[in-house]
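Got a structure for you, questions after.
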C-alpha cells in the first residue's frame, strides 16, 4: 500500500506517559476550579510538545503536522487542561507563517473576526470565547491580509468558561500596539477555520475513545440485579454505539490529518468535523446513559470528556455549517463525481 | 369536564364487525392483486358508511365528522382496501358543499391543482396519484372558486399504485363536460388539504395501533433461545416505542378530529399530521425490526399496515411541509403565546 | 393501554387563566432567570405564595390542609409553573409525591404532623431511595434498621438525594427485616420519615454535579434512632408503597417540559426577525410534539381522576417525554450551531448551556428509561411488573 | 478494537479506474435501472463479463481459477459495482462467501468441482441457514441428516433462501448428530452442498416479498440423499464453519451502500438547479458519513490482508452501516416530502420507493442488528461470542 506517513511512536509514548501522570482526575478538576494549570503547562512546555510542527528555525520544535495532531489526540484522550492547539498549530502557526516572533509563553487565537488592525499596527476590538485568554502571553489573529500578535497584558479580560469548564475569555483591546506582518498566501480566516477544525477533531477522536473505554470498564464493574450491567442488552447497545463513534471519530480525525499533511485536505477536514460533531453527540448520550447517575457527578471522570466534547463540537464550525460546506462540494462534484469525491476527497 | 362529543358505539361496533369479517388477510391481498375490492365496497356501501357526515338531504347518511373519522380509523386499523375517505369526507364533501349531485358509486378526488375548468364547464388536465381513479364514478375537485364533478368514464386512465399497493391512478381529461358549481366560502384548495390530512391521520392512528398490537402478539409467540423474544430487552424497546407511537398517533388524530368538529381545527390538524407522519416512520421501523424477516413477507400481514403508513405519511402534506406551517403558527403566537398555542390550539 | 382525548372544562380553563395571571404578575418575562422545569430554584417565599392560593398539596384532603382538587387541576398548575420556569423547587417533591404517600399509607397522627405544613408550602421533602450499590435494582437497598425500644436504629448511606441541603425532611426506603439467603428482596423493606437537620447520627454531604453545582447529596446514618411513629404505613410493605410513590412521579409535565423555557426564550430572542425555513421547521416540530405529548399526559391525569391506575400509560409517557427532551436539546444545539457558555449575555444561550449539561440526567432521574421500558413492556404484555 | 487509516496504492487506484471505465462503458447512467446495492438484478451475462476481467472469485487461489488478489482489491471492485447499482446478483453470494468457505474448509475434489465455475461467474449459490423456528437462534436448526450408505438422508425446511430460484447450488447448515437433552446446540451441525434444481425430494417454492416480488424461497427436503462428497469440511463442525462464513459477509460495502444509487440519482435529477440549504445539508451529511464509514470498512479489508480476524470491527461496521442506511432513507423521504410510487417517471423516486419497501430488511438480513450488538459487545468486553 502507499504507506501513510507515521508518527514517531516515541511521541505517542512520551505524551501518553506525561499526560497520564499529570492529568489525574484531581488535577483536571483543580485546573477547572483555578482556571488554569501552570504545572501541567510547564511540564508540557518542557518537552517542547506545544511547538511541534512549527519550524525549529522560528523557535518551534520541528516535527510534522501529524505529530502535532497525535499530541492533540492525547490531549483529548487525557482531557489535558492546556491550550496546546492554540499555542502550537493554530496561534503559533499564524505567528511563524508571518515571520512574527514566537513567544515563550502561551499563545491564544481569536477567530471570530472581531479584531481590527488600525494605523501603525494598533489593534482594537473585543474578541469572545478566547481559549485561555487570561493565561496567554500573546494573542494571534489574521485580518485583512495581515497576521498580528498582540500582547494580552494590554487587554481587558473578562473571564468566562466553556461548557467544558475551560477558560474562554472575552478580551478587549483599545489601540494596542501589536506586531504585524503581511499574511503569506493561503493564510487567512478560512484556512484558520479549517486548521481550527482539524485541531478539534484530533482532540475529539481521543476524547470519544476514552469515554468509550471508561464506559466498558464501568459497566463491567457496576453490578445490579446480581450481575455486571454490561450483561444487559439495553446497556450493550450503548457500549456498541459508543465504540462505533470512537472508531468513527478517530478514523475521521486521522484521515483528515493525513489529507491535510499531504495537501489541501479541506474536504476531509470538513467531513471529519461533521462526523466528529455527530459522533460526539451520539457517544456522550450513550456513555452518560450507560453510567446512570454516576456520570452526572464531578467525582466520576466521565464529564471531563463529555463536557469537552460538547464544547469542541461547536468550535470551528458546528454540524449545520460543515454539512453545507460538504454539500456544496458534493453539488460541485455532481452525480458522476459524487462517489469519486467520497473515495478521493480533496484529491479527486 | 366539558364532555367531548362522543361517537355512537354502534358505529364502532358495526364497522369493526364488518371490516373484521371482510378485510381478512387474503381479501386485502386479493384487492391489491386485482386493483379493487368490489365485494368489500358493496358491503361497506350497503351500510351507508361511505356517506356518513354528508347531509341526508343531499343523499348522505347524516352523522357527524367524528363519526366519519371513527370509520376511517377502523379503515386504517383493518387496512380496508376501499376509497372511504375519498367518497365521503373528501369528494362527497366537495360535491355536497357545492350542491352537486352525490353519485351512487365511488367518488375520488384530485388535489394536485392539475385540472382546470374551461368554458362551459369543460374540464381538462392530467391529475396524478388519484386514489382508485379506475373504480370511481366521479372525480371531484375545487379550482378557481368552483367545485366540479367530472365523470371518470370520460378520462384516459393510467393505472398506478402507491407503496401500499392501493390504486393511485393518472387520469387525463380533455374538455370533458362536468357538473360545476360555485364553491361556498371556506371550500378551497387549502381547506381540502387540511381535510385530506385529517382523513389520513384518522387512518394512520388506526393502522399504527394495529401494528403495535400485532407486534406484541408476534413477539410473545415467536420463540428463540428457548423463550418468547418479547422477553429480550432489545425487543421490549421496540414494543414500547411502537405502543407510544400508537398512543400518540391515535390521540393526535382524535384530538384533531374534535377540534375540526368544533371549529377551525387547523392548528390541530397540522400538528396531528406532523405527529402521525413521524410516528409512522418510527413505528414501522420498530415493528418491522421486532418481526425480523417474517415482517418482510407477503404472507404475514404486517405490511398491510406498514405500507399504508408509508403512503399516508406523504399524502396531504409531509413532515417538512406541516412543520413549516406549525412553525409559522408558533412564530405568529410569539414567545408569550407559545404555550397558550400548545394548550389552546386553534381556539387560542 | 388506553389514552382518551379530553379537554379542559370551563372551571379548569379559569384555573389556568388564574395561574397565568399570577405568573405574569409575579414573574414577568425578563424579571427572573427561568429554571429548567422541575430543576427549578428553591424559593420559600414563592412556595408560600403558591400555597396561599391553594396550589400546593392541591389533591390532599381539606381536613389536613389540602384542597381536595383533582389530578387535572394539579396538572394545570404544575404545567404552567414548569413552562414558566418558576422557582417551585422547595415544595416540588412534597407536593408531587411525599404528601400523597403520607396521606395514603400514613396514619392520622402523621397526616396531622406533616400534611398541613406541606400544604402551606413550608415543608420541603427529599427522597432516600438510591444507595451506592442500589440504583436500578432498588430492591437491593442495604440501609438497615434494627429493632430498638420504641423504634429502629438505622445504619447505611443514601445517595443522589437531591436538595437534601435545602429541604427539611427525608422519606427513606430501608430494610427492616434482614434478607435471608434466597429470600424475596421486595419483602422486609419499610419507608420512614427522618428530619434531615435535627437527627443525631445523620450526616449530610454534597455530591457535586458534573460542573460543580450542588444538587445531589449523600446522606449517611450512623446509629440513627427513628421512632416508630415515623414509620409510614406497614413495616415490611415499603416496596409496594414505594412503587405506588414512583407511579406519582411518572408521566406528568415535569417529564416533558424541562427545556420549554429555553425554546420560548429562543422564540423571544428571534422575534422581530424573519424566520427562515430552518427556524420554522424547528419551531413547528417542537410545538407539534409538545401538543401531542401534552394530550397524552393530560389524559393520564384524567384517568387518575376516574379512579384508574394508569401505570403503563404513565411509564410510556415518561419514557417518551424524557427521550424527547434529550432529542430536543440536540436539535437546539444543531440549530444554534455556535459556541455555548453559561456566561453568555443571551438568556437563551445560558438556558441551552444548562440544558446541555443537565440533559443526560433527564433520561436517568427517577429511574432510567431502560428500567421504564422493562416496566412498560411487561404491562403491554399483561405480565406483572 | 483498532481501525487504522489506510490509503489505496497506485495499483489499487489503477484497478479502481479500470472498474470505473468498465462500468461507464457497460452501464452508462441512463442505460440501466440501477439496483440497491447487493439487492441487484441477476444477469448471467454481466457476471460472465466481470469474471472475464478477473473480478469474480478474486481472492481465491489461481490454482482453482481464482486470482489470489487481496481483500482490498475485492473491496474496490465490489464498492464500485454496488454504488453503480450494477447487476451483480447472480454471482454475489458465491463470490462473497461460498467460494471462500469451500476453499477454506472443503477438500481438493470440492475445490476443483466448484471454484473454477464460481470464478467464471457461472455458478450462483444460495444460503440455507434459517428455518421456520430458527432465526436469530441459528444453532437451533432442526433440518436433520440421518446416516445412510455413502451419504446422508436429509429432511426439513429452510426459509428466506434468497434467489434459490435463479441460483444453482445451495450451502446448507443441518444437524448430522441428534441433539441430546441438555447437549450443546452448537455441536453436531454440518454444512452440505446441494444442487437446487436436480435433487430428488427437494422442493422449491416462493415466499413472496411484502409487495409480491419474488426474492425469498422456501426449500423443503423430503428424504433427500446428499452424498458424503458434498459435506464441506468436517461433519459436526458446521457451527464453527458457519460462524467463519458469516464473518465474510460483515462490514463490507454491501452494508452501507444500498441506497447510494438513489442519492446519486437525486443529485442527478436536481443538477442544474440552485440547491438550497436544505439540499446542501442533506447532501453534505450523507457524503461525509459515507466518507467516514468507508474509511472504517476499508481498514477492515486491510486488516484481513494483514492476516488478522477483525470480527469485532466488522460487526461494528455492519451494525453501524445498516442502521445508517435506514436513517438515510428516512432523511430522503422527509427531504422529498411528497407522494412516492414505484411507477414514477423519475428514476430517483422509483429507487426511493424501492428503498422504503426494502429498507427494514437492511437491519435484519444476515442477522438482526440486535444479534450483532450482542456479538460486538462481547468482543468489546473481551468475552467469547
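The first chain written gets the first letter, and so on, giving A, B, C and D; residue counts start at 1 in each chain.
The working rule: a residue touches a chain if its C-beta (ideal position, glycine included) is under 8 Å from a C-beta of that chain, and two chains touch if they have at least 3 such contacts.
Quantities reported herein were computed from a predicted structural model and do not represent experimental measurements.
Peer 1: Quick one: point me to the chain whose Cα centre is farthest from that of subunit B.
Peer 2: Relative to subunit B, the chain whose C-alpha centre sits farthest away is A.
Peer 1: When I count C-beta pairs in contact, which pair ends up with more: B-D or A-D?
Peer 2: A-D
Peer 1: Using Cα averages as centroids, what's the distance between subunit C and subunit D in whole Å?
Peer 2: The separation of the two C-alpha centroids amounts to 50 Å.
Peer 1: Report the inter-chain centroid distance for subunit A and subunit D in whole angstrom, where each centroid is the mean of the CA atoms.
Peer 2: Going by mean C-alpha positions, subunit A sits 39 Å from subunit D.
Peer 1: By the touch rule stated above, which residues of subunit C touch at least two different other chains?
Peer 2: Residues 277-278, 370, 373 of subunit C each touch two or more of the other chains.
Peer 1: What positions in subunit B touch 2 or more of the other chains?
Peer 2: As it turns out, subunit B has residues touching two or more other chains at 232-234, 237, 319-320.
Peer 1: Name, in rising order, each residue of subunit A that touches subunit B in their complex.
Peer 2: Contacts found on subunit A: 232-234, 237.
Peer 1: In their shared complex, at which residues does subunit A touch subunit C?
Peer 2: Subunit A reaches subunit C through residues 32-33, 129, 160-163, 165, 168, 223-226, 229, 232, 234-235, 281, 284-285, 288-289, 292-293, 295-299, 302-303, 306-307, 310-311, 313-315, 318-321.
Peer 1: Would you mind writing out the residues of subunit D in touch with subunit A in their complex?
Peer 2: My answer: residues 1, 3, 5-10, 12, 16, 20, 29, 72, 79-80, 83, 260, 263-265, 267-268, 271, 275, 277, 279-296, 299, 302, 313, 316, 319-320, 370, 373-374, 376-377, 380-381.
Peer 1: In their complex, what parts of subunit A are in touch with subunit D?
Peer 2: For this pair, the touching residues of subunit A are 1-2, 4, 216, 220, 230, 233, 236-237, 239-240, 243-244, 246-248, 250-252, 254-255, 258, 267-268, 270-272, 274-275, 278, 320, 322-331, 334-336, 338-343, 345.
Peer 1: Can you name the residues of subunit C that touch subunit A in the complex?
Peer 2: The contact residues of subunit C facing subunit A are 130, 133-137, 140, 159-160, 207-212, 216, 278, 326, 330, 333-343, 353, 356-357, 360-361, 363-365, 368-370, 373.
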